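Report on the following structure.
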Amino acid sequence: MRRKSDRFKYVARSCKEILDIYGEQEDGIYYLTTTNGMKYQTFCDMTTAGGGWTLVASVHENSIYGRCTVGDRWSSQQGNNPNPPGGDGNWSNRNTFGVVESATSDDYKNPGYYDIVAKDMSVWHVPNNFPMEHWNLAAILRYHTDNSFLRLYGGNLFSLFKQFPVRYSVGSCSDRGPAVPIVYDHGDRESTRNLYGPRSRNEFDPGFISFRAINNERAAMAICSGVKPRGCNTEHYCIGGTGYFHKDQCGDFPSFDWDRLGREQGWSASKEMTESAVLLFYR
Amino acid sequence: MRRKSDRFKYVARSCKEILDIYGEQEDGIYYLTTTNGMKYQTFCDMTTAGGGWTLVASVHENSIYGRCTVGDRWSSQQGNNPNPPGGDGNWSNRNTFGVVESATSDDYKNPGYYDIVAKDMSVWHVPNNFPMEHWNLAAILRYHTDNSFLRLYGGNLFSLFKQFPVRYSVGSCSDRGPAVPIVYDHGDRESTRNLYGPRSRNEFDPGFISFRAINNERAAMAICSGVKPRGCNTEHYCIGGTGYFHKDQCGDFPSFDWDRLGREQGWSASKEMTESAVLLFYR
Amino acid sequence: MRRKSDRFKYVARSCKEILDIYGEQEDGIYYLTTTNGMKYQTFCDMTTAGGGWTLVASVHENSIYGRCTVGDRWSSQQGNNPNPPGGDGNWSNRNTFGVVESATSDDYKNPGYYDIVAKDMSVWHVPNNFPMEHWNLAAILRYHTDNSFLRLYGGNLFSLFKQFPVRYSVGSCSDRGPAVPIVYDHGDRESTRNLYGPRSRNEFDPGFISFRAINNERAAMAICSGVKPRGCNTEHYCIGGTGYFHKDQCGDFPSFDWDRLGREQGWSASKEMTESAVLLFYR
């Protein structure tokens, strides 16, 4: 364990710099330093596709029964309310919460989310409450992008969502943000399809990560993980959102339980999807 | 103060290791490191019964008038609701909250709660908002176990409560978890009895710490500090709990104010008990 | 960036000590250490009036539509309720929350708030979500005191508010805490007046910072920034507060939107004031 302690002396803004400058190739927790000199701890994936991936956030549904109440930090903790239209606004502000080892037990957002200037993203869907040492193996879906799409949007999600606000009534269903093709690290298009409800499968294409979806009722969602929407019932397969959803579907996983929780029937996502945290990495 | 700064270079998983490996015998704040390499600060009691006790959590009632609202992290922050039956689930997940110096001003849980593999527990009841330098002397009750009971339950409360879930409707009043005899460091059986309400005193035996009590209405509580229940009205003298309690008694100290707050009449716990935080240590 | 890393080895209780003992004159993030040895990071202003100012807190209105709900940490997160009369009590307890880089995106309180023994205060009103490197230039109002008034009240706000509790029904409108003259670093008396609503301007004098104001309905507020109240409608121009306000005006900026948000009409504060975080420094 002594070697891990020495990691504190590194001054790096991202796991990519830890890999490139200090030559560390071991997955695990490192200290990073923001542009302004604030230190924080997070997990580095030094394995996937050459390594250098920084965990910057996780989206965790604490209770599908609590509708935009405490714990729904990626939508709203203020209840289902069109004022303010951006909900808690965490997709595009500098607020942070949680700690790295709790990333599968609670929502997590560290300063890397807004501080790191990155090219690509990686996403892991890890069953709730799994310990860090098993995240990789336990994940039900893992993929990354490799076309440097973040360069077009300011280098991170903080900037991307300034351009594509996650905001109630900001536009119509056709006003979506980018949809980016993905490379699978665990899973494939078919397994991605099956993570969502049977009716949802008719209105998306697997093999993508999509940003800022808007549904029929003009609620906005931040990320559709693994899929590109064709239809407008995105509340059943996209996560994060504004502070207002029709029929009180408000929450970090807004309406994943439409036809009963985890039954994988109608519009309901699978139980394994609903009970997994979505870990977001940059490189 | 310079010497305290050097403490950062220690790599130890618990205060016991700080004592055994580095020979530190001074009570105070040290950095610990989890198995996965995450660093955090907590308080080490290096005095009681040979020292080496790590503060891992505190249970603090922020408002007896707020029923499973914000701040009731050891029961539920989602309101009094049988769904989900485990409330916020913090007794058996990897979520953490609070910082060490605020342990008597707010709920506190650090990574040691799930990371340290321990044998015994120590508990301090410290009046709310007391500063760390006075915790020991200000405590109204301090005790520890010395029979290595945690070995039977996975080495910590995280594991113990996996075996004995703190969950609404998980069983009947007789399905209690373990009751472990205690050694008093401040106080005795008589003073323990008097911390709880007159009517409560008829249904517990002092001189124990008990885990996972269940009441008449099938609500579960995590810890009965200082006592072993004989009866089933445990909501008046046990703490932490599920997300649902009969008659909206929901909260970290569920029904300590049944016959008015702090009046020490009927089922009401004493004012000093209700206004003290419960600090949990491992060794 | 390497030099910033070395800052971790400093052992100082305040930015004044960082300046005096270690000779650091650069604005930025430093590690401080409390009397009890707990380390934390915060921002030091090493420029204003000789430097040595420690950021200890920020008051940020997350949603003027959420009335003492989640995020209203300087009043109450338990709803508009006269029980408990002190709300969440954070003006006079050891609870802490937030991190330094998020000080303009969320409420912030670090251990310096209660740990540092200071003489004077400095206040910056910074538009929400501005990054740290622009706080100084972006501020719409900046001022400090220079008469060592904190010496009379225990050296910090934690002590001051023990003497002048922020508590519902603690007294009448005339039972105010101290009003201290200020020196402007950006702005002046005229610009201060214009930050508040036209009707508010008739009942305060600019050029002061005031503590513990009480309104007609006996609600208490913590700070009137830039002004000394003469009247009793302080809910329109003072911040922080108890857990109870008449007509559900409860919140960190209790009734800044009385005559519609940010319209600068009637009692409503200006939009720039309502959408700025109030950063509190000690020296």
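Each chain carries a letter (A, B and C) given by its place in the written order, and its residues are counted from 1.
In the analysis below, a residue touches a chain if its C-beta (ideal position, glycine included) is under 8 Å from a C-beta of that chain, and two chains touch if they have at least 3 such contacts.
Bear in mind the structure is a predicted one, so any value in this text is a computation, not a measurement.
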| item | value |
| --- | --- |
| Fraction-based call for subunit B against subunit A, same above half, different below | different |
| Turning angle required so that subunit B lies on subunit C, C-alpha fit (0 to 180°, nearest 5) | 120 |
| Inter-centroid spacing, subunit B versus subunit A (mean Cα positions, whole Å) | 34 |
| In subunit B, residues with contacts to at least two other chains | 8, 70 |
| Partner subunit A, residues of subunit B touching it in the complex | 8-11, 33-39, 70, 77-79, 81, 83-84, 88, 93-96, 111 |
| Residues of subunit B that touch subunit C when the two form their complex | 1-2, 4-5, 7-8, 28-29, 41, 62-63, 65-66, 69-71, 99-102, 104-106, 129, 131-133 |
